[in-house]
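Some structures are shown below for you to check.
Across the two complexes that follow, chain A remains constant while its partner is chain B and subsequently chain C.
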Partner chain A sequence: MMRRFFGLFKQDLTLALRNTLMPVLIFLILVMAVMVRFVLPKEWKPVETYYFVDRTEDGLYEWLLRQSGIGAHQFLSDEGALRSAVGEKGNSIGVLFAGPTTHPEITIMHSERVSAQGLNILKATLNAIVERATEGTQINEGMEQPSNVKFLRPQARPVAPNLTSVPGLLAFEVLVLGFTFVAVFIFQERSEGTIRAYRVSPGGTGAYILSKTLVFIVLGTLYGCGLVLSTMGLSVNYGVLVPLTALGVGLYTLIGISVASFFKDLSEWFLPGVLLLMLNMMPVVSLLFPTFSPRWLTYIPSYPVTFALSEVLFPSGKPLLPLVGVLGGETVAAYVICVFLTERNLMKEGRS
Partner chain B sequence: MTVPRGISVRRVLSLMRQDFTTALRDNIMVYIIIAPLLMAFALRLLIPAAESSRLVFAVDNSMSPDVVEKIREYGDVELYDRAGVISRVERLDAAVGVLSDTGRLYFLFEGNEPRPLIQAYQVILEDINRGDAVADYDDVNLGPGRSITYDLIALGLIMGTVFFAGVISGFNIVDERDTRAIHALSVSPVRIREYAAARGTFATVLAAIVAASASRVMVGPSIDLLRLLALVILSAPLMALVSLLIGLFSHNQITAIAILKIAMPVYVALPLGTIYVPQKLQFLFYILPSYWQFEALKALYAPSLMAHGFWFSGLMTFVTGGLYLLMAANAFRRRVGLR
Partner chain C sequence: MIEVSHLFHDYTGKGQYAVSDVSFTISKGEIFGFLGPNGAGKSTVQNIMTGLLRLQKGEVLYDGKSVKTLGPEFFNRIGVSFEHPNVYTKLTGFENLSYYARLFDVPTQDPMKLLDMVGLREDAHKRAGAYSKGMKQRLVFARALINNPSILFLDEPTAGLDPATASRIKDIIRQKQQEGCTVFLTTHNMFVADELCDRVAFLNEGRIVAMDSPRNLKLRYGERSIKVEYREGGKVKSQLLFLEKDSDRALLHDIIDHYDVQTIHSQEATLEHIFISLTGRELV
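Up next is the complex of A and B:
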């Protein structure tokens, strides 16, 4: 039985390697490595652009803000210039300091997209600036050694923003490799009548599914390791990364087989398939806006996977087991559903 | 009916009718119209909700109501007992715990939060503890404003729509190569320019319908629809190029998907990535037709990021797309034996 399974696996692997898949994956690893290493920014930049006008007696605020690294182009000459700059760029905020330095009158110009809480946070920041200005200290002073915060675990090392894209690339590009390609395999086999022939052979549905899943686990894990190696080098715990990636690729391949069983060819599958892939990418919004994670979003398989991969790549001491447990549970459920759908939608062709 | 340069409009229309029939038969027509619209609806709901998401404070429920109300001014408050605060902070999303130690308020983090975020929370805590006002404030609301994130996502969706219209047309070519139907075409009077014109026009019509609808859903009537349609028409050579390239390099569906995996980042992700590239290095991307398409779309959707004018970028999309199309059509003609 094992020999039959490995025969099937070898056949699927040969089919995958024969169709320019490996050169394509190598090319994609290179593109992603160039993007991560050279294109994506290595420093945090605020989403909003701030503009300032300082009309206080001694211009202390402009001086302080310049000292803290605010660019010269962000300081404007008067209120009119500030108003038009904020009006033109809808995502910018203007701050006008006037009156006495010790108790200034501050005008904040903004679009209606800024919430009341957002404004209060901005005012808290400006209050801190005013306080430091009157105390004669630098803006960032007192921030390096926080005394009013505690941590559940020792603080993790800061992660360069360009590297934070790697877990996302793994979750939304590498893990879904099997989802797409296994569909094409199935359509090809369907059109060539291979599935019909397989159904009357001694091989079972389980072997059919597992052989394809194993092919993409091997290819996907190699693809994932190639990506991480080319972007983050050897500083990663590959002993954990490899099984986690394998589990993720396995899950998406099983989902891919289940979905593909409903369609008869690539053209028919393509747009619903792309739509599902986009739905799977929704958790990327939680990565961009960490405070946004409605409950429905957490049910998408890529949600726990992305955070688990993030923990492996940038360890912070967070327990991985619950995340891996969720992933394992989803994989088992996906396998059971996949067997049922393959039997019902694909293998029945052989019986008729 | 024949127009100059030897293109038979009748043959072009006949090829387009074939594509249309195949697309209608396989429900592709329905999917290509519905899929981007569904996506546009989802994004329209999701992105503003995400952007307006607020800081989450998991607060010890033994804290005084005054302090809780004060914290509520900066974000959403969830009340828990002390153990509940810790387990809330442990969850995957970003929530900060608010506890007190011998009457002194402190924030509790997991330890994996970025430093700038912790500093922002520190400033809030300072403000909560501050007694007297240190400044007087006046707020000036300048109107609706725009979100660059939202505009760029809308722009990406439109680019994706145009790209997929070319891809669908490309899949028809792969199908013709796979079933060897293309050999029948090679012994027919159909010329390569008619073949490319049919593929490009079919994709352009599809793209125009879907891009206009998706744009309407995402950003409403604020975009000049005529300009958008003009850009889709100027992108016709680019769409024909996408479909011919997929057809040229793919002899079956597996290679078609593999080629797609390369084409998609080059077409969509690379131009989008140029927003991070300094202006002085932008010239490196001038050879990409989709870069110019992105530039033209920036003029429509994110004018504050615009580096070139709409018409100049649109024309460059046409010219660069056309040049590559000539090369691809020549290679395709030799590969499949069309005249």
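Up next is the complex of A and C:
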């Protein structure tokens, strides 16, 4: 039994290594490492530059803003200078204070599109400045703690912006590897007819599925760890990352086999396969924008994979066990479904 | 003993049977030929017998056990050579055999010995993708022998092979029979069937139209004929004459009496002639 399984595993691994799979994976790791390390910025700097002109009676606002740390070069002499500065420097915003100090007329200028959210925040800030100026308080006075904040968990370390993409990339790439490449494998076996030769051997469905799953677990885990190592170095708990990545690849290889069993070749599989893949990438959106987390999204099998990987890479104190439990349960269910579908669609031909 | 009884198979689900009421038995150690043109249903029957295709109607029994209930022990006993050479093109010939051997729970043959037997020793470590069609065909045949099967299913085992290699393959099949192996041979090559098979069944449009030993079929359905070559007006002419027919016998006498006869050969009916006379179809 073990001889059969490891024979199959060795065969599948040899086939994987002789395919163009390995060079493609190494190339992708390099591309992503370069992107994360050298292309994406290590910190987001506000791109907007603010210019101010204070044409109120006593120039109180300029004085207040200078007091709060705004640089001298950001204050211009008149409205014309403000307009030309804003026009010349894209992504800059100009603020003109005019009229009486107690009820100033504030004009906001911008040459490029500013989000409504950004504009509202700016307006609210300017209104607060006016209120404080008329009350005779400093701008920053009493503003450090506008409300009480309680942290439910210890505060996570801030994540460098270039690294925030790593969990998403890891989840996406590793799942794609299991889901897509195993389909390519199966279609190759179908077109070569080797699956028919396997079916008249005592190999059996279980060994067929598990050997392929193990191959992709090995390749996917190496690939995933390679990606993390090349982008985040040794600052990650690999003791947790390795089994978690393995579980994720295993789950998606099983799903990949199940889906591929319905199709004859890659061209037939392509559209539904890619659509399914896109659906499975939706949790990455939720990871990037946590406010987008509808309940249906949490039912997608990649959801626990994505969030568990994120938690391992950037620990925030969230308990990992429930996510791993869900992932384990999904993997067992995926295996049972995979055995049924492989038996029905790949191991037998024709109508019953 | 293999018993196939009242086998039907419908791919369409609309009552269009690719195989219709096919029944036969094969004794242990027998080479049984299943003959017919392409599309006659030969491979369908073989696929049902090997469990590749679901059994819809009828029964296939191996020593009294239904093919539906057979498990891994059955696959340890059989060897299947496919018509289309289905090998891993990214693996070498040797790897194809050695990986396949590991799937079995029974003692297996040395892959290199088998490759040598089919004339592929020198190419053992080349990737199968670089093999010619004939080489792949031999590799598939060798793979069918890897587990020392007691039942061999061979689908067109000599197709695309040169005469010398085909002869080598036929020798191996005979040798396997001598070792007690039962052989189910599917082919449309009547000469191969005639040479190798103890019994043959003619399959046409999914039905068996005749089944017996090649000799009995020839005796029962074959017409004895004579091929005469004679000179007439400075040219050599040829006539095929059937001795059962009065007109042909009279013509033979006429040729002998009036012309310069160059050659006379008696001709046995071939399985191909019999198939054509029974079905009106050629074996292509």
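A few remarks follow.
The criterion applied here is as follows: the second predicted complex is superposed on the first by the 245 of 352 C-alpha atoms of A that agree within 3 Å, B and C clash if a C-alpha of one lies under 4 Å from a C-alpha of the other, contacts with A are read in each partner's own complex, and residues count from 1 in each chain.
We adopt the following convention: a residue touches a chain if its C-beta (ideal position, glycine included) is under 8 Å from a C-beta of that chain, and two chains touch if they have at least 3 such contacts.
Only a predicted model underlies this, so the values are computations on that prediction, with no experimental measurement involved.
In the superposed model, A:F307 lies in contact with chain B only, and not with chain C.
When chain B and chain C are set side by side, the one touching more residues of chain A is B. Shared-chain residue A:N19: touches chain B and chain C both. Legend: residue contacts after superposition of the two complexes on their common chain; A:P243 is shown touching neither chain B nor chain C. Residue contacts after overlaying the shared chain place A:G193 against chain C, while chain B stays out of touching range.
Looking at the shared chain after the overlay, A:G329 reaches neither chain B nor chain C. In the superposition on chain A, contact of A:G80 is made with neither chain B nor chain C.
In the superposition on chain A, no contact is made by A:G71 with either chain B or chain C. Applying the stated contact rule after C-alpha superposition, one finds that A:G204 touches chain C and leaves chain B untouched. Residues 15, 19 of chain A contact both chain B in one complex and chain C in the other. Across the complex, chain A meets chain B through its residues 15-16, 19-21, 24, 27-28, 31, 35, 39-41, 44, 47, 83, 86-91, 99, 103-113, 115-117, 119-121, 123-128, 130-131, 134, 140, 143, 146, 148-156, 158-159, 180-181, 184-185, 187-188, 265-268, 270-272, 274-275, 278-279, 282, 285-286, 288-294, 298, 303-304, 307, 314, 316-318.
Per the touch definition, chain B reaches chain A in the complex via residues 22-23, 26-28, 31-32, 35, 38-39, 42, 46-47, 49-56, 73-75, 86, 89-90, 92-95, 99, 104-112, 114-127, 130, 133-149, 164, 167-168, 171-172, 175, 252-259, 261-262, 265-266, 269, 273, 276-277, 304. Within the complex formed with chain A, the residues of chain C that make contact are 9-11, 13, 47, 50-54, 56, 71-73, 75-76, 78, 80, 82, 84-91, 95, 99-105, 140, 143. On the chain A side of its complex with chain C, the touching residues are 3-4, 6-8, 10-11, 14-15, 18-19, 192-194, 196-204, 348-352.
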